[in-house]
Amino acid sequence: MTAYCMLLPDVLGLLVFVFIPIIYAFYISLHSWTGLSDMQFIGFDNYIKMTKDRMFIKSIWVTAKYALMYVPGVFVMALLMANLLNALHGKVQSFFRTAYFLPYAISTVIAGIVWSFMYNPMNGFLNQIIVLAGGEKMKFLASPSQALPSAVVVGIWLVLGYNTILFLAAIKDIPKSYYEAAELDGAGPVQKFFRITVPLIKDTSVFVLVMCAIASFQAFDQIKVMTGGGPANATTTSVLYIYREAFETFEMGYSSALAFVLFLIIMVLTLAQMKLLKSRDD
Amino acid sequence: MKKKAIVSLILCAAMVMPTISVQAAEAKEELKFWVFHSDQELEFFQECVDQYNEEQDSVEVVLEQVPWDDYNGTKMATAFASGEGPDVFLIAPGLFLKYANSDVLMPLNDYIAPEALADFSESSIEGVSVDDKILAIPFEMELLGLYYDKSVFAEEELEVPTTWNELYDAAKALTTDSRYGFTMETTKGTHQLFEWYPFLWQSGNDVYSESQDAAAINTEGVLENLEIKRKMFEEGYANIKPSRPNTEIGMLCEGETAMQLNGSWAISQMKNNYPDSMDNIGVAPVPVPEDGEAATVAGGWKICANANSKYADEAAKFAVWMFGDDVARTEKWCTDIKFAFSPRQSVIDANEELYHEGLNGEFTDKILGTEKPEMRLPAEVSTILQDMLQSAYFDTGISVEDSVLIAEESLNDFLSGYDGAL
Amino acid sequence: MKKRKISQGLLLVIAVILAIMIAFPVYMLVISSFKEAKDVFNMNLFPSVSSLTLDNYKTVFMEENFGGYIFNSFFVATIVTVVALFFHAMSGYALARLNFTGRKAIFTWIISTLMIPFSVIMIPLFIIIKQMGLINNLWGIIIPMIPNAYGIFLFHQFFLGIPKELEESAKIDGASYFGVFVKIVLPLSKPIAVTLAVAFFLANWNNYLWPLIVAQDRKLWLVQIAIANFKSSQSVEWNLVLAASCVSALPIIILFFIFQKHITEGVKTAGIKG
């Protein structure tokens, strides 16, 4: 009983402000609708249409590539940085914590603008460095092959500090005595990391992995600012494509249908991910 | 103790807050008019609204400002989809057909006086009409031209290019380590399409065939133009990643590029932000193919009234009052608030001097008269063409021919199932 | 001992290099925000002090009602954060600790709400807010932002890691579930609560799209809307966008600096664990 009462405010809120809208979006997906006039019921036509939609299929591919770079990137780097911070002490640690956290305070839109400065093929900072080191200028966001990895870097940069803090909090929670015991057994730093740290921060790891995966499937803001999905749609992620269908083409019904399929894909992947991470433990 | 203080502070704020939410005064019918302008442009609209509110007693027009980025898209779409659309708003050709085909635009024929109507250029009214119903009123006309850096051309002893091949040669000659020869829009979108229209028309082509039931883009002229541009991007003579949207003349004034495709709006921009560059920047007609005919594109916003509004009649009256009646407001907008050409001949006639000074004169004498209105394409067609430009310019994995071929197929596919207005 | 010192030194070097790489774009933002409009794009990383100016900041603050937008943002972000934290801690606790039918199903359902992009539910959500009469009202911005599966999930994971023994001893003393939650669990969850508070405050502080949709009157704009408004159809006042963004990032950084100690001090449960 207590449990239900404690869940009530959130469940009610999610029901009204997220779930009902989702159901309504599903209802819209069964219609042809510009948002400007009345809806026309067309059954599952929107879902049939997308099987032939080259652009949507390409966008899923782009999203998958983004996720495959972004999730491990954030996870590994945040974990390593958290360990690094943990090894530093007192004021020094708190200084670097703040330094690493800085990007998180910047809105994604502004991050997109600033990184466009960094990536500018003519005189951006990165090319200045490359030229100094005797290299050939790169095109970064202007190249169909480099644009997506460049966008991933910005995505990682934005959330790295925050996830580092999450890991750091979990690591701090591990009793020191564990490490001391391991040292007595002659374990080196690497062994301590894999035998003690990694297993004991599992709950946080699951959280970071699952949330990063979900976030990577919804990558949008900084990409819209930096490349607008280009060049030649090389960075058009599914969410960007869905957004365009809704608010540039005004195909509300079709974009809702796309979103639903994306929703199912993320759902299946997330549940599989959570299952996998759980079963490892047992 | 601290916690209690915070909680009580929030509670107090919570009680005050609802009064901060804005309650409409219910005395008069209220017309919402949404614009995306700021500074002196917003002031202009506010002055007009104030004047209108004073002049008549039946409605109160309320001006609401929406940031530009989301005016057309999210804000308008969400508002209309939930029945909260503005009563009077501004529209660009890119979305015109979506609104027109959904019967959201109030026909204004009965509200415009014949004398006023006669003042508008024929093509400008055609661009906003469907089946003889006038659905919006154009109030400005922006032309596209080729801006260039005079001193750079003088240094290299080059002539300003007039043909596509000369454009390529000039771009090549003017490119250095820290400067591109030529800059145009690279981001996918309606603006990139806008900048492509002149090149399409100059070689005598169009998007549809004359009977409007098939695509007409797979032609030599289109291919030749796309090939030249791809070459310029590939070889590094065209700016592959402009530092900002190509509507900004700053890139030319600051030396990022030697030539830039840009609109007549850039003249006011320069006056405000780069007064020192005024003498050094020139403008010429958009280069044409060998033996091609001069053509440029005319863009600009239109004002329209929401047919589903509770006060559609009053909304139409206000929209027409704004820009379809007394020419004074159109004139002030185009000649005083900003610099733009006008779809109304009387504005140009009455401001002979302004339209002939400096760069304005270059536009008036050499470019005005060759323009066609920006195409009002269905959103689907627009997307197909935008994708075509992107892959033709940047996707080296596919040839220009194939990019055009794919677009042609998609376009024919779309046209065979479409029965709205074109 | 000597080995320790060397490795500490090495770690410090790595930390410094990382910090420079990570903070560099931020430096770029800050330095550019002091440049004159015509210099913003010259990409000069170390401009002379004389070429820098405070005018951008002055202009931003002179922008009509900029202080008001900051207040609105602050109000929205604070209310959402405080209310959301309390609700989510409750939900997370119930899901992690209490046994009741449908727990798993409810948990999965909650997680699933994370997976649909916001732009898709925006129109239905707007219709709901309209039904509630909250259009053009700050509450219309605040209320839908409170329920959020991210917070519930994080609290849930956190409570899974806390030893049960702590609560059980309290239960023996006859405290109710809710009593245990308020007296024992809530104080324990300070680190995670502070971490989440930073995230929530930031997300709402930087929120743009939803506030833009709900607010119609300029008076109800939040700071990000005001920043977006420095862009017009044909030109952007980049120097002002950058300066205003620095102004808006500052409170978050200060907030983090103040609270970061709590985030990482860890839960003092070492004695009982294991």
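By written order: A, B and C. Residues from 1 in each chain.
Just so we're on the same page, contacts are C-beta pairs under 8 Å (C-beta built on N, C-alpha and C of every residue); 3 or more make two chains touch, one makes a residue touch a chain.
Because the structure is predicted, anything quoted here is derived from the model rather than measured.
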item: A-B compared against B-C, more contacting pairs; value: B-C
item: Distance-maximising chain from chain C - centres being C-alpha averages; value: B
item: Distance from chain C to chain A - Cα centre to Cα centre, in angstrom; value: 16
item: Whole-Å gap separating chain B and chain C, where each centre is the average of the chain's CA atoms; value: 37
item: Multi-partner residues of chain B (at least 2 other chains); value: 74, 77-78, 81, 243, 256
item: Where chain A touches two or more other chains at once, by residue number; value: 35, 117, 120, 123, 246-247, 252
item: Numbers and ranges of chain C residues touching at least 2 other chains; value: 41-42, 119, 123, 127, 228, 238
item: Contact set on chain C toward chain B in their complex; value: 37-38, 41-42, 75, 78-79, 82, 119, 122-123, 126-127, 130, 135-139, 209, 212-213, 216-220, 225, 228-229, 231-236, 238
item: In the complex, chain B residues that touch chain A; value: 73-74, 77-78, 80-81, 95, 98-99, 101-104, 178, 180, 186-189, 239-241, 243, 256, 379-380, 383, 387, 390-391, 393-397
item: Residue ranges of chain C in contact with chain A within the complex; value: 8, 11-12, 14-15, 18-19, 22-26, 28-29, 32, 41-43, 45, 87-88, 90-91, 93-95, 98-100, 103, 106, 108-117, 119-121, 123-125, 127-128, 143-144, 146-147, 149-150, 152-154, 157-158, 160-161, 176-178, 181, 191-192, 195, 198-199, 202, 206, 208, 224, 228, 238, 241-242, 245, 248-249, 252-253, 256-257, 260-261, 263-267, 269-270, 273-274
item: Of all residues in chain A, those that touch chain C in their complex; value: 2-7, 9-14, 16-22, 24-25, 28, 35, 81, 84-85, 87-88, 92-94, 96-111, 113-115, 117-118, 120, 123-125, 128, 157, 160-162, 165-166, 168-170, 172-173, 175-178, 203-204, 206-207, 210-211, 214, 217-218, 220, 239, 242-243, 246-247, 252, 255-256, 259, 262-263, 266-267, 270-271, 274
item: Residue ranges of chain A in contact with chain B within the complex; value: 33-37, 55, 116-117, 119-123, 139-142, 144, 227-233, 244, 246-252
